[in-house]
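Just so it is clear, A, B, C and D label the chains in written order, and each chain counts residues from 1 on its own.
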């Protein structure tokens, strides 16, 4: 028989399940979902602050109402009498370059800036100026800035406030803020949006850009489940799901 | 124009994202992923203990190595050069009646027992005896007991210890323990497995049985992401993924 | 090593690909796609007439415009920058009980009627009367009759005309026509729709009811591909796809 | 209300279903599945020979046994108790760059060659020499040549014989044959494989490279359906599907 293939994620033995070397039962109750996510994917235990900011990111992305394509696709499939995993898969299949992808795209820009600063021994601000110029010249859009609906996204503000308080914000967050300043100077009042903010923080904690959408998908699975459940219990099968003709009739302005 | 359709999940207004009435930025940093999951799906804020046990369940189900069909399907698809969401969707599509489904199945048995006890004014133990007998007569298997590998699953033990400490364990946990006792009396030493334990706890916190697999899928998305990432970076495309000829070469016996 | 598992579908040897015993290169150019579909799935070569009617069914189901959930789901996913197979999978995941499922449902009714007639030694017409009565009593809808848009579906007419000409129409087609007559007598002018017609013919050629939707999915993959292609080349990413506010601007009334 | 969006694929009116301007009932029985596929996707009726070669391609790709990732993914998902469309979707999600993608890749090479010949006013053979050289210099592999199992693929031979007989083979087929000759001269006896042959023919009939995999997916859906059906009826749920330890036990060497 040929050589065995290898995995370093989870070790299973009788009455023993070890994730990246830690007994899962020892992790249960001790670490948060954000921490276990980091541990499983990155292969090492994050410090507590990294866990905290990941939990915040996971909470921030849970849902954004009925209009994102992922919610519409999941509901459309659910309305055909589909099983739960059919509908959730259709939602997951909607998360791509144009939906969620701005997180990854912004990470690539920030990384370019930080690497350029390092290579040329210049400040982040100066490197940002160069990179933004290059994007402009190539007529390429810098993702993670501006939003169809929000111009001062409370989720972005909360993330950055916390990242700064926890000592997580560094050169990548700085890069994002410099880009925003350059935009303003050029007469474009584009805020850092929630994707651009998550992107900067993921860079700070060494999370790979190619998995940025995984984080978004995992979090959004929660919202998609809520949409599928609501669709199945509140609507008739095979209805036409108008993406504009809806209204919110739930609770409002509750305090935690 | 016809009447608008309604949603009660998330309200979006400029610079405002409210989930079930709560501003998401106010939830960030305050509640855990388990709590936001409950809030989004069930429409009400869970108390802290419910949140804690949900977080534990989410951590417990994150991964179970390379052999579950979801890991194999995700890796098989990843090995074709698929995008991340292709591979994750294939994993999600594998979570069904025979994979993950035991949680939901066990919930239906426990619920039958608790309802029978209530209807007939009898003890849980007595009702369990009747229901187990009925399953036996119909030659139907009671799910959530026994495991191919583990006979004393540390995850189940941890969940039940915590559920009891937090005052969450009630009639459904009792039902599961009685079933186990009946099996033992009948000469079958089947432990409550992790699915059966999660099922009992989900009953205790009023989580709908039809969404039990959603919880499992959300948690397992983390492990699937790790598998897809490992497959892409450690293996060649289009390899034959032998489900038996593998070995674990990661870290072991680490202490948290 | 444990025993090998078995397959009887395709045998691969160097320079030899045999499907159900036939060299694929010998089949190419000799049999139609409908015939190869029957051969692959059923394991035996259909006679030419069965092939002809299957080809007609495959052509009949290729597309039904932009409003079916499968087209909307595929377009919604395509609009996020998804790859072709993401978008097609979302379409496939929409084909379920309420979308396409009427074919399978109708097959079960026709089979009930034909079996009842056989068991009780009565005419199809009489058995149909009994079964329709039973459905009415159980308040269950008989699928395959009536259509939101068409009351005299030209595809159904063509299928039945051909099935009769080719000697394929038998007791199942008779059952469907009797159901229609019973409906008319009861004051409900419900035509046999295209699903009900396909269902009857699939019964005549022994195609398994549980695979009826496979036939529909295979055929509809063509239309879905056209929709994904049109969406990608004609529309902007992330648009809101209104299921009602569209119009046809292609060619009309062409003659073959 | 904003302007309506447009579609040119299918027009639906009461008792009228027109695909690209043709009544579907008029097409039924008159054109083959290959022809309707071309019509639906390309928007124009192919001539009969184009239809013939497309039907041959569709038949050629129907199945390639249990080892391709699409078959393994579909069976893995089917073994979990999944619905038919879950399993088929997992199969479809496996068709990517490394599985099926060689058709598209080969089309891009042939197109480069034919365009270079045109631009520079040189022969196909000369242009092929240049392009193959460029690929070699960039250390990029030319896809569509060589096969793990077959060195003289009977499907390729049949396709080319027919394409030549029908007058379909032109510069693109010539390009593929020249590449093969260059390989042989360079000491690499790589045959044109079935993907490379299909690619050349799709170029000849103006089929867009970006949809090459759609054709493969549509055809392979048939084989995947057969695998899912066999898995469900012949195997136990949740078995380990060893990709190497199987054997063919069906019929052999049948004559059509």
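Observations on the structure shown:
Quick note on the criterion: a contact is a pair of C-beta atoms (placed from the backbone, for glycine too) under 8 Å apart; a residue touches a chain by one contact, two chains touch by 3 or more.
Values in this document were obtained by computation on a predicted structure and should not be read as measured data.
Chains touching both chain A and chain D: B, C. Hopping across touching chains, the smallest step count from chain B to chain D is 1. By number of C-beta pairs in contact, A-C leads over the other of A-C and B-C.
Centroid analysis (C-alpha atoms only) places B farthest from chain D. Look at where the CA atoms of chain C average out and do the same for chain D: the two points lie 23 Å apart. Each chain gets a centre from the mean of its Cα atoms; for chain A and chain C, those two points are 40 Å apart. Centroids of chain B and chain C (each the mean of its C-alpha atoms) stand 36 Å apart.
For chain B, residues touching at least two other chains, in rising order: 1, 67, 83, 85-86, 89, 93, 95-96, 241-242. By the touch criterion given at the top, residues 83, 85-86, 89 of chain B touch chain C in their complex.
If you check the complex, the residues on chain B that touch chain D are 1, 67, 69-70, 72-73, 76-77, 79-82, 86-87, 89-90, 93-99, 101, 237-238, 240-244.
Taken together, the chain C residues at the contact with chain D in this complex read 1-2, 4-34, 36-37, 40-41, 43, 45, 52, 55-56, 58-60, 62-67, 83-86, 88-89, 92-93, 95-96, 149-155, 157-159, 162, 208, 210-211, 213-214, 217-219, 221-223, 225-227, 229-230, 234-235, 239, 241-242, 245-256.
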